[in-house]
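Chain lettering (A, B and C) follows the sequence in which the chains are written, and residue indices restart at 1 in each chain.
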Amino acid sequence: MAEPVIILENLSKTYLVPERDAGVMAAARSLVQRRHREIKAVDRVSFQVDSGEVVGFLGPNGAGKTTTLKMLSGLLHPTAGVGRVLDFEPWQRQRDFLKVITLVMGQRNQLNWDIPASDSFELNRVIYRVPPTQYRETLAELTDLLDLGPLVSKPVRNLSLGERMKCEIAAALLHRPQVLFLDEPTIGLDVTAQRRIREFIREYNHRHNATILLTSHYMADVEALCKRVVVIHHGRILFDGPLTDLVKRFSPHKTIGIEFEHQVEAVDYSTFGAVIEQSDSRVTLRVAKSDTAKVAGRLLAELPVSDLTIEDPPIEEVIEQVFAQEVAP
Amino acid sequence: MIRTLSEVYAAQLRTSLAVQFQYRASLAIWMIGRVLQPLIYLVVWTTVARARGGDVNGYGEADFAAYYIMQMVVTQATFSWIMWEYDYIIRSGQFNFKLLRPIHPIHADVADNLAYKLLTVVILIPAVFFLAWLFPPTFNPQVWSITAGVFAIVLAFLLRFTIDWTLAMCALWTSRVRAINQTYELTLIFLSGYFAPLAVMPVWIQNIANFLPFRWIIAFPIELTLGRLTPMETLLGFGMQLFWLAVAQVALSLVWRAGVKQYSAVGS
Amino acid sequence: MNQLRVFWTFFRLGAMNELAYRVNFFTQIFQAIMSLVLALGGLAVVFNQTDSLAGWYPTELIALVGIYLLVGGLINLMIQPSMQRFMEDIRMGTLDFMILKPEDAQFLVSVRQIEIWKLIDIVMGLAVLVVALVRLGTQLGVVEAISFGIALLAGATIVYSFWMMLATCAFWFVKTENILVIFQSMYQAGRWPITIYPGWLQMMLTFLVPIAFAVTVPAQALTGRLTGQTLLLAVLVAVVLFALARWFWRYGIRFYAGASA
């Protein structure tokens, strides 16, 4: 029976930024009278995450993703609204709360540079009061899933970016948290490393039923891990639902790819749709969703088509469309 | 609770020792300065004593020697650099990780500080003997005053670290921490007995020093260990140390709570 | 010479960059004042108990403090930041950009990084010095002034050569950034005339870490204490060290160029 583990209701975070024009007069004025601009980093965000769900949290830079994650992990307190994680109020920063969550930040390290990762693991074990047997099991599992092996005994300084990230993730999971906040965990990694971490997250979620809120710029991460995505832009939720629905709702196009039986002379494709790619034997067209069936039918009737495929545009394109649609306040 | 805290300290100490050991060359170079400073003051005051025919307000050459050797030990035991570090820790986002841990960040900092002292004791002890050989000190120790002196040093460390850590938290409100830290250090130098025994300082400075916690950090443990205090004065000294420690603890918890609130309102 | 133009360009760039951060101006002023209070406060406490320190009178020691701040400012203005940057460049592998330029690499490396706000230290040091000199009044003659100038120049050259040689070690030992701290830790001894220190320390402060030449010797020149021998020694040491630093640099560059494929 799935229960909501993360609850956000009208959660908001507003910053007051002092504003000042250039010039000496303005500087003098600002000494006496300070003007402030309100920046709504997170604007009345509401959604819930059930136990064991893996939710993708998408948005361009500055959309409010990291701010939301920081509020949910207790690092920031909100200006308004309700946020609850495992029935705790995160910004109370109670000890029992901190022991059941973890935050992994893609470009920041909690591991100590100068010593091997295993030493940092040991330190975490003590700080989180992990019982020795559980620690051994967890460490063995993480070593296996992440293929850590010899990495943990080298000073972190000497590891490559991908190796370091794996150790970071391991360190963050030693205390077997129930809720994982992953802020761009695969950023800057090569393709193999990314895939490895993705597989790990999936396996971890499968084994421990951990609830995972994941932000990423890489659609491959989202497609592989998240059945559900929440899209945020300018601090507001644009979409919350299955990834497939996102495509359906926001992409007004489909792509039709056709292969020809034999070479054809120049054909004017403008009556069918926009040409994306063209070669001697293949053409890819972008077609309005509503016209897809009609155009496909016409293509089959009028041209010597040997193979026809209808696809959704790549998700990156869709997301770009989503972001582009939202007008900045 | 106490068992787990000591486990945390043990683990953190091990980590800090491992890290700092790698920078032992830097530690050694740092120590040059820390040994040189009391040496310089010692030479200056010895010169003054000689010019005055042997004595300055009850301190002869050998007395100065004893004082500054002890000053080197007490300073080393109580010293911390934490308020210079926190500006960087906060700006770089490292503070987030400290906040995510289910323990108060001060514990890691104390352990880190202790690790430094453990490692540098290897230089401190020879330095003590070296100075004692160069400038023979008067040293008529009494067992009770030395034993009491050890306790005084421990209390002095706790007091100074509490103050330093509270000061370090200023970085949560402003990035102009250098000015605050420099003012603090300057005050400490003149009003704690670091620059010179308080008996030798102008009277008005001595008067001000009595109202501040600093003389109980440096001057009191030195004078006590050297056997310059009566039992009555010793008790008074301990009382003052405990009093200021209580005040500092209150200040620390208030500043910490306000600081976290401030930080979580603004972020890094 | 082109080198002067290059130097002026670095200076101007350093200044323009920093002038945008006006807060650093106030930070530096505060810091300079703190140094001054520390130095003068120390003197005040000492002279509360005595009339002279090893033959030096209060005003003379104030002049010494002025020189201490002045020379310290000069070092922190250009020598320290450039040497620090130079050692970093070796570690990061970005030294190549300097070597490829058609200007003498040692010169470039030495004047590249300028902490413009340290001018405040220099100004403050000069101010203190001038105040002290005015109060010393009658004792300052042409001979003293000229020997002061020579001593200062010699001292600056010696300090620069010393730092240059220390920094050049980075060609061989990459993890030595903190070696520069040696000078800074020991520089505080220069606030007092080195003649008060025990002989072995005086030797160290003269020949090991050349603080005596940087601060005490110019102060001696100004207060009429300088013997011709010492001045000659200072000049000789300056010439020798400068040549040594140059030779060591070239040796280091050859090693660097040969070592990195």
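One rule holds for everything that comes next: contacts are C-beta pairs under 8 Å (C-beta built on N, C-alpha and C of every residue); 3 or more make two chains touch, one makes a residue touch a chain.
Bear in mind the structure is a predicted one, so any value in this text is a computation, not a measurement.
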| item | value |
| --- | --- |
| Overall pattern in which the protein chains touch one another (line/ring/star/complete/other) | line |
| Most central chain, judged by mean C-alpha position against the global CA mean | B |
| Maximum centroid distance from chain B, chain identifier (CA atoms) | A |
| Cα-centroid distance, chain A relative to chain C, in whole angstrom | 53 |
| Separation of mean Cα positions, chain C and chain B [Å, integer] | 30 |
| Interchain centroid distance [CA atoms averaged], chain A/chain B, Å | 47 |
| For chain A, residues that touch 2 or more chains besides their own | none |
| Contact footprint of chain B on chain A as seen in their complex | 15, 67, 70, 73-77, 91, 93, 95-96, 98-99, 102-103, 105, 108, 110, 112, 114-115, 119-120, 122-123, 125-129 |
| List of chain C residues in touch with chain B within their complex | 23, 27, 30-31, 34, 37-38, 41-42, 45-46, 48-54, 175-176, 178-179, 181-182, 184-186, 188-189, 192, 196-198, 201 |
| Residue ranges of chain B in contact with chain C within the complex | 25-26, 29-30, 32-34, 36-37, 39-40, 43-45, 47-48, 51-52, 56-57, 134, 176, 178-179, 182-183, 186, 189-190, 195-196, 200-202, 205 |
| In the complex, chain B residues that touch chain A | 4, 7-8, 10-12, 14-15, 18-19, 22-23, 93-94, 96-97, 99-103, 260-261, 264-267 |
